[in-house]
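Chain naming follows the written order as A, B, C, D, E and F, and within any one chain the residues start at number 1.
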């Protein structure tokens, strides 16, 4: 775990001084993204997103339940992520650990704080019955940058979700009410280099990670720094710029895939 | 709640139009994942199952190691969104029992003696569940093990027969499972017809059991052909590339 | 764990080629069975079953609770088994593991699928209040063949159980309504030999296990194959035959012990 | 809920007819289990307790080993069906505290120095519970340890005294425990009268405490005689066989 | 863990034969006690108690909830203790273990059995709504004798607690109704010596521990013996006597600190 | 529930009377615990935080050891009584995420290479919580690490800025956090201005973000002065004693 990364690190850094990345991308270029929706019949909405070889499946389930006491007229949103051993030789079975928890919380905040799901439209009886929206993130193949893949798959799954009102005998089905979503873009830093959409090789040697979610107005909606390295003020500006540029492209692709 | 459903109509057709001895539609794809040593995606009727195989690799923790052979750890897991009412993530008693019987079935067929102290991990994820997931999972596991190049005596395969509306039929669907009389899922080694897995719930006379067992074995052989074709296609396509 | 069983295996197989078993039984013969009922005062019903040196205690408790939403007029049945360290030097304290879970689920299915407990007679208020029946399996002494001992003890305990209606202030006590139970018989295979009611020595070296529950009409009500060996079609027929024969005897003994 | 129960009648008799200094009926049987190294079944009033002893054997996991002596792990467990309202299986805070104080009491009396790095496991299963299960469990554990041939300085024994209806009495029963004023369970080494376990809940004057302590010690000695007779009978019956 | 205590034990025992303790105290003398109340704003009541270097913080929280079915007109009392790794290099994170459980249960019984909190005055609607009182014991610095420190801090915190009726919209705030509390005093025995209020050094080498809670009338309200040593009848008398004497002093100090 | 609260009044004052660029009152004390290798008590507005540092010591279990450097385990924990509605004891998802980001921030600043295979444990207990506890905890951790004599490149320090009522302001209070538009907690190495921790929730234009980041950095420097004074005072008082 320690020796191989040092050799790998040296190699990746050497390439970087020449302006190159291990898979031939530019520093600010993301891998090929594929978005496929409605892949699971039993879910109210679902999507599989591939970013390079990384593959994430998100399913949306809904149920009728009680609201939180401090927001009696709002639906409830719950996000869970499991790093199931299917996806990587390094993932272990068992309850979610730090990495899975951070992943779920960052995706959750991205959706929640930007009010992507219009929770105020998911109330059935104030204080009594509201819709609960479950976002379940299933990592299928882990080759780096789970944050962006999980976030994008969540947005795509939500975009195609139907409120199962008929099944719960509370009216007719209707599309889950949504607002424009912010797009998450993650960069990592190693040495003095900052690259967008890290592959697994790059993630393994990275010192610091920064995820920036931006909306269609170019505003910042969420950020999360990770790993035990640091960023300068200037590097942060640069990551935000790259996240805005890539976010614009990815938003377009999401919109085309979901027809919204 | 007792529901009045006519599971077989006057023409001998079942709810989804199948005849009594007909399997649901099956689609198998091998080598679908990048990180896994072997993998398989399988659709069987409305079931969707993804399997990843890792190993052989050192078994950890150490006290689980067998000095004479590899252990096979199948882990059957249902995605939270794979069923109508969301399932809490993590293993429950049902999934742990299924993991156990699938592990035992696979251990018989893998040449475990070649890899002492090792573990072969077979991760079975049910993405969409619609009756018969353990058969779908075991069948996909057979393909994923082959895709991983794990030496085996044979490619294990599973299929169920059952009884609905008084008749013995092949491969129960969702409503047939809920409102039928008996379900008999089995797994076999198709080369020898040895039975690797067998469970039965319901009510069968001795004679019905024998018919159901024969039908399930017949189903296994049909599915086995699809498995073999999948693996051959994958192998040839790789050959072609090189 | 690996060397001793090989020697033991050789010895037991050698005996088997001579048509003998380690404790002198015939291949299709079960050990002496003792059934004692009403052994625990606090339980609504209880029984201790000995099969040879194997000893299992089952207690039935009942409570008033909510039905499942998909069967609002049915009582609820719950089966739990603990392989408590009291019963064997190899059992560890802690939450149930695979073996205990399989045991509980096989006993549970045996009772549930054959509708031994008439759950439709355990409804108090449709959709609101029904009887919950708890079957708690306590292994006291483990010398092989827990499946049959636990199953038989559960049936004997259920047979003597009283619905505690008075204690819950919902009427007068009455016997738990039951149908004829199927009897579980377990065989194991080692080499080419198949023997009924394995002792611990035989279980330790067994390749495969098959449990068959049969009813008084000679029909099959449940089966469970275990361990990492296989059976041929013919061996399965043979096990069913032996299970029917022994099941008949055991059913008679159960009936005498419980007076039902 | 305050209930008006007359715990001692005008003739000085208690609810179950006992006098104030009388024990409930006790029945002890040794060597009742096949697999355990030592075992004991004990009935004490309405309590039914089964104890199995395993060991001395290597303590695992290793970090629990003491290089100078054996550790004694008592594990007090109530069966789900041993109480009026079904108890969830598994240890709760009460059973873990009782396991701790019983383990500590037994460690004083076992010659643990003879078995460094070892564990002696004492599994106490309460099958029927009716006030005083910790005393019943510890008393049965003493017999099971002797049955297992574990070297001990003495056979530990337990008994409680308490206060009901203003009087100090021996060995509280169910209602006496629920509606009484104080309970004082103790365990002693009968040879030396050393006190191995002592807990007190309720309200006692200093003088009442002294009387209760003396009464509990007296009870311990009575129970000790039953223990010794049980072990002797078992030993002689084995002798007889040989 | 085994060698150092033997040397330490010899040294402490040698001192004891000369009538001395390692920190200069007499055998029946407790360390300096400091009681500070209302140290946490969010709690309904709180107190920090120092006994020598041992430091314990207790916070009281209250909520409205359901009563137990067997005492429908009583409030509910819940005590939890965590031996958080903040307080000692030997404490580990995770769910409470034996020592923390015993600590919480002994403090809980001390409060409960003496009916310090007048639970019958904490009923809002019989059988439906009562006050739940949470006593949360936070060990901050562990230098011996947690039982007395935790117990005293609990009593001091309760003494200054306010029932938050206004926040729960069930009336006006009022002081938590309390009776005179019993005071816990703990002694340990090593060799033939018995000392009051053990420091950590003394606790580590102790054979047996005895906690005695006494009330203002000089009656005994709770006792708990611990560790794998024994006491003679005479030693127990002696410990009770010392506990009465010290309890009287500590009660006075508690009363001064809380103004009650 | 949407609440109509005027978070900034017509004079530019906030609910607690602060100006937009003003920090809440901060009080820091070092060396407050006897057992810990280093400790710190910190009050920041209504927040009360206690931090204890243990180590460097051997990392256990062994498989957590890094052969090249020490690991820093920050454990952020909220006392059950630190919030309005009692919090269940033990870690939840929020506290585990905060523990992770604080650990990562501290690992950058501690000279971990000096202590291979070791662990440095930083226990952060929140006793009273009122917005900004992660900044308060990290700031106190910096002082406690210094008090423990752990070699560091710098003393890490944290502070948040945010946006309320349309304005970028320093260090959000309770209501400002609940009803404001954005929160941006950061931690820096004050010597180099490197950013060690950064999280952002809410809605900021690019220009607002830049202003908020600058304001938070400015706040960090102010807090850093208080940290340094605390450590100096502690050091001098110890000097004085010797």
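The working rule: a residue touches a chain if its C-beta (ideal position, glycine included) is under 8 Å from a C-beta of that chain, and two chains touch if they have at least 3 such contacts.
Since the model is a prediction, treat every value here as computed from it, not as a measurement.
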Hey, how far apart are chain A and chain E in touch steps, shortest way?
2
Chains shared as neighbours by chain A and chain F?
none
From chain B, which chain is the farthest off, judged by mean CA positions?
E
Please report how many Å separate the Cα centroid of chain B from that of chain C, as a whole number.
27
Give, as an integer number of Å, the spacing between the C-alpha centres of chain D and chain B.
52
Rounded Å distance, chain C centre to chain E centre (Cα mean)
49
Answer with line, ring, star, complete or other to describe the graph linking chains that touch.
ring
From chain E, heading first to chain F, what order do the chains fall in as you go round?
E, F, A, B, C, D
Within their complex, state which residues of chain F touch chain A.
1, 66-68, 93-94, 96-97, 99-101, 103-105, 107-108, 184, 189, 193-206, 209-210, 213, 217
Going by the contact rule set out above, which residues of chain B touch chain A in the complex?
33-36, 46, 48, 50-52, 54, 57, 75, 77, 79-86, 89-91, 121, 123, 125, 127-130
Under the touch definition given earlier, write down the residues of chain E that touch chain D in their complex.
2, 70-73, 98, 101-102, 104-105, 109, 113-114, 210, 218-233, 236-237, 240
In their shared complex, chain F is touched by residues of chain E numbered 39-43, 46, 53, 55, 57, 59-61, 63, 80, 82, 84-89, 93, 95, 134, 136, 138, 140-143, 167
